[in-house]
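Notes follow once the structure below has been shown.
Per-chain residue numbering starts at 1, and chain names A, B, C, D, E and F are given in the order in which the chains are listed.
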Amino acid sequence: MLPDPLVLFFLLGLVARLLRSDLKVPEALYEALALYLLLAIGLKGGVELASHPLGGLGAKIAGVLALGFATPVVAYAALRGLGRLPVADSASIAGHYGSVSVVTFAVATGWLASRGVAHEPYMALFVALLEVPGILVGIAIARLHAPGRVAWGRLAHEVFLGKGIVLLIGGLAIGWAAGPAQFAPLKPLFADLFKGVLAFFLLEMGLVVASQLGELRRAGLFLPAFALAAPVAFGAAGAWAGTALGFTPGGAAIVATLAASASYIAAPTAMRIAIPEASPALSLTAALGVTFPFNLFVGIPLYHRFAAAAAG
Amino acid sequence: MLPDPLVLFFLLGLVARLLRSDLKVPEALYEALALYLLLAIGLKGGVELASHPLGGLGAKIAGVLALGFATPVVAYAALRGLGRLPVADSASIAGHYGSVSVVTFAVATGWLASRGVAHEPYMALFVALLEVPGILVGIAIARLHAPGRVAWGRLAHEVFLGKGIVLLIGGLAIGWAAGPAQFAPLKPLFADLFKGVLAFFLLEMGLVVASQLGELRRAGLFLPAFALAAPVAFGAAGAWAGTALGFTPGGAAIVATLAASASYIAAPTAMRIAIPEASPALSLTAALGVTFPFNLFVGIPLYHRFAAAAAG
Amino acid sequence: MLPDPLVLFFLLGLVARLLRSDLKVPEALYEALALYLLLAIGLKGGVELASHPLGGLGAKIAGVLALGFATPVVAYAALRGLGRLPVADSASIAGHYGSVSVVTFAVATGWLASRGVAHEPYMALFVALLEVPGILVGIAIARLHAPGRVAWGRLAHEVFLGKGIVLLIGGLAIGWAAGPAQFAPLKPLFADLFKGVLAFFLLEMGLVVASQLGELRRAGLFLPAFALAAPVAFGAAGAWAGTALGFTPGGAAIVATLAASASYIAAPTAMRIAIPEASPALSLTAALGVTFPFNLFVGIPLYHRFAAAAAG
Amino acid sequence: MDTHPRKLLVIIAEAALERELVADAKRLGALGHTVHDVRGGGRHGTRAGDWEADRSIELKVIATEAVAEAIARHVLATYCPDYSVTMFLADAQVLRPEKFP
Amino acid sequence: MDTHPRKLLVIIAEAALERELVADAKRLGALGHTVHDVRGGGRHGTRAGDWEADRSIELKVIATEAVAEAIARHVLATYCPDYSVTMFLADAQVLRPEKFP
Amino acid sequence: MDTHPRKLLVIIAEAALERELVADAKRLGALGHTVHDVRGGGRHGTRAGDWEADRSIELKVIATEAVAEAIARHVLATYCPDYSVTMFLADAQVLRPEKFP
């Protein structure tokens, strides 16, 4: 089977930058597409919510949140224990892996949809929920070891009112309030164009990831190994937890993908403020340079298989 | 009945900024969407013009222009007489209220369309026409009282060749020349996406309005009261005038909305150059901080009721 | 017959700027639309390639490349011999005319499509191919006469890895790999919106061309005459060569258009680095100020007639 | 290296003034100017540059002391009373004095 | 022309610090500030500004020598150890001394 | 406060030169640079930055006098004859001299 064209856009950006092409995406376009994707994901989730029953959502939320608190703790233990990284760096990287990648989520839902695999309509809600715990755990660990002046008020803002959560939750609420009928005139922009915009954004991600690869050479062996092992382990855990929480196989595959993905929008900004002594290059190299492409090419199909296996 | 989703986008932006979220729209995106909206409004109006007869347009133009000259005079009298504001500020605020808000117009047409209320196809023409007189009246009043060096040439440019009028009139002309058949391949961008882009723009407007609300606390009681009373009074006058001029009830509701709305694109720039001694904070607080949201939430349905009542 | 609305958008931009309207397109939007157009042209070509046989493509490529090497040599001879322009300027202008205008290509394909004239599906490939030879010839001529330190490595990058070629070739490859079925979800963005985005871009081109017209007054008579004669001559040569190479009349009209068009994206940057002593104002005045609008209004239909005549 | 003393005049102002300021600088003797968009805050509150009326620019003019001061004086008298404007002068050394006469 | 000596403090830093830096400058006595986005490179590698974590800003504060130095010292102690920051001071002459007390 | 004198070199040039200028500055001893996009006008006419060929940048380098002058001399000889370039030097005081050796 041919690779999904979305992944080819990513490759095009990657190759262009590695060959030192002058291809560049204006910063304002990058920001605009990111806003669009977050809002569109929220809206689509909200519209589907409006026409579906919310059976057992409470337990699922609790279970997925628990997963979101557990993965960064495990990640920290591995980074500190096996990798012997400094506390601050371990905590910061753990925070990135505890949080989620919205683009990976979008590619995964597209991948499932193109294979006819259904999933719960409210998965966008979990993207918003899972942005937070990883970041909190990362900061808490760092501050346990080096108790410093964390401006918790400022941080709560950064974390809970970052554009990711505001647009996802805002979109969910608007989509849910509007319902399918009132959403119809917004569909051409927020639904029909979605896959195309995602393709364009993946082209940009390819450019960004290629710039990050230079750092990879300096990173030694442990970090890349972690960045490959962590998504597989967390994906397996997510598939199992999702199935145990009663998600459909499609939903469990998405929970797995969320657990396996690492943040590069919300977490970097929050971590930079909260754990200044951590090197941002390390976490971005791992999250963006290794885990993100791994999930695109290998991870998503793998987590789907995990979920299928867990479903029995 | 649930609120229109457009209004929810505005609320999302408003709430995000009031909660001090870091959600921000890049300036280039704001400008791009504004260009799009103006051009799309013109084009759609032009295409509909091409397939409709223009019965009695001359009288309607004259009547609506007269309204456009009358409202700022009344506004000035109220601001100066009742509010005891300085001449320059009164003139500048009057200019903003004499001109029109393109976004309010777009929301009103969408609101009417979603309720199946028809209106004349050439209403976009009146948006362009009504951008001008308010600004001219505001400047003239200010200069009557403090005769100063107005660079009338420069100002005429600013007023008649501002991007608003150029894109509205240009779009009308292109749409009219193209007609429905040649417009068809442009429809996916300029018609199908319109409502979605308007939603996105309202999100931005919410952010901008929230930033403006801080000024409101400093503004005293008169200005907010004016910013609530003026649209109702001008909306009633517009509904009556529109009906008297032979507009359909839908058309009269739009004339009312135009009369009731205040400019925050064309007028601020022109006024800043022409009446430098006026405080821009005052006019923007009134026009953007109070009247714009009032029209979104309360005004548009109200003006439609006015028009229905006037039609008897 | 009414003029194509695309051309009216160009006129609107032109007139707005000539009247000194403040209408301005943010730089980031210009760049975003340029990226979109290049990528969309490549993708559409690639998708069509996927479902068509590639009969005799080798000979066509060789023939069209030969044309791409021949036209700048002829242009140089005319500029140097007849116009007595300095070597550097002649070489630089020749390079611009040897390369191609992507927007002119897009307008031409739209023009042919709206008249039901079919053409080979892989014409986007020739746009990418023809970006290069003109630039190489221009640089080679300049360096023959004033052997200087050309950083050929840097230049090869600039020329072969400019965003134009990367996006066209990348788009072709992705479109071809995806095929019509996988392209379907990307169609709303990359195909349905194409004509609208092109219209918007032509509005911007009108603004840019109008800014260039000031230079025209300083340019004397020869340069404008060249900028009118060159496209006609190269268009005729292209129509004849295209027909001789076995293209359909539609394909030959496009080969003619490509030969007749002059670059203002890839060539200016490359020439500025490679032939610094050449005046950029001269080449841009000719290519953008005269040849581009000539092709839009007169050239494209003319080259189609040439191709029809050549086809016999 | 042969350097020549000149003045750098920096004017931070509402974007609406850009055209005027550039024209004034030219009229008063400047042979060039450089502009870029900025955001900021001062006595007139925050100008975040989110939308039209909220934008600011920074204008740089390199010129002789006489020209720079003439422009500064003109801006002070004409725009500072009513507009958000911040202005300062600094010493600069240029290499091609004929470009900044 | 009557000019008054002040200091121009220029701080080039990661965009994530913008809010903090502006608040700190205000707290330490600056009455205004100006910011714009930049890209660049230094000891911490290239910052091309392509995306969130890669953005930099340039912050300008005009103030008295005492205020400018207080801000500079604070930034040096608070941010320079952990963040990409470049900072310099320059002499400036202002026309309205009351704006920069 | 302990400050150390350095030179600030500002180069305003066609955007096409950005890569070259940055590489040259590095080669001649600068440890960093900062760039942003500008528009402007001068002897070569208006550069409004509307599209590719019309863009300009402003490049700032803080360095020792020797390095700054070496870069300035190189730019003067290499680019000024054929390109739109404006350049000036100014005095700057830095706090961490080791960053600008």
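Note that a residue touches a chain if its C-beta (ideal position, glycine included) is under 8 Å from a C-beta of that chain, and two chains touch if they have at least 3 such contacts.
Predicted, not measured: the structure shown is a model, and the values here were computed from it.
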item: Other chains in touch with both subunit E and subunit F; value: D
item: Target subunit E, source subunit C, minimum contact steps; value: 2
item: If a chain touches subunit B and subunit F alike, it appears here; value: C, D
item: D-F against A-B, pair bridged by the larger set of C-beta contacts; value: A-B
item: Relative orientation of copies subunit D and subunit E, as a Cα rotation angle in degrees, nearest 5; value: 120
item: Gap in Å, rounded to a whole number, between the CA centres of subunit E and subunit A; value: 34
item: Whole-Å gap between the CA centroids of subunit C and subunit D; value: 40
item: Subunit A and subunit D, separation of their C-alpha mean positions in angstrom; value: 45
item: Junction residues of subunit D, two or more chains touched; value: 36-37, 90-91
item: Residues of subunit B engaged with two or more neighbouring chains; value: 24-28, 32, 188, 193, 269
item: Every chain pair in contact, whichever chains are involved; value: A-B, A-C, A-E, B-C, B-D, C-F, D-E, D-F, E-F
item: Subunit F-facing residues of subunit D, complex; value: 1, 3, 6, 8, 22, 31-36, 62, 90-96, 99
item: Complex contact set, residues of subunit E against subunit F; value: 12, 36-43, 56, 58, 69, 72-73, 76, 80, 86-91
item: Contact set on subunit A toward subunit C in their complex; value: 2-5, 8-9, 12, 15-16, 19-29, 32, 110, 114, 188, 192-193, 195-197, 199-200, 203
item: Touching residues (chain side subunit F, partner subunit C) in the complex; value: 14, 16, 20, 37, 45-46, 48-55, 79, 81-83
item: Residues on subunit B engaged by subunit D in the complex (per definition of touch); value: 24-25, 27, 30, 204, 207-208, 211, 215, 264-265, 268-269, 272-273, 276-277, 280-281, 284
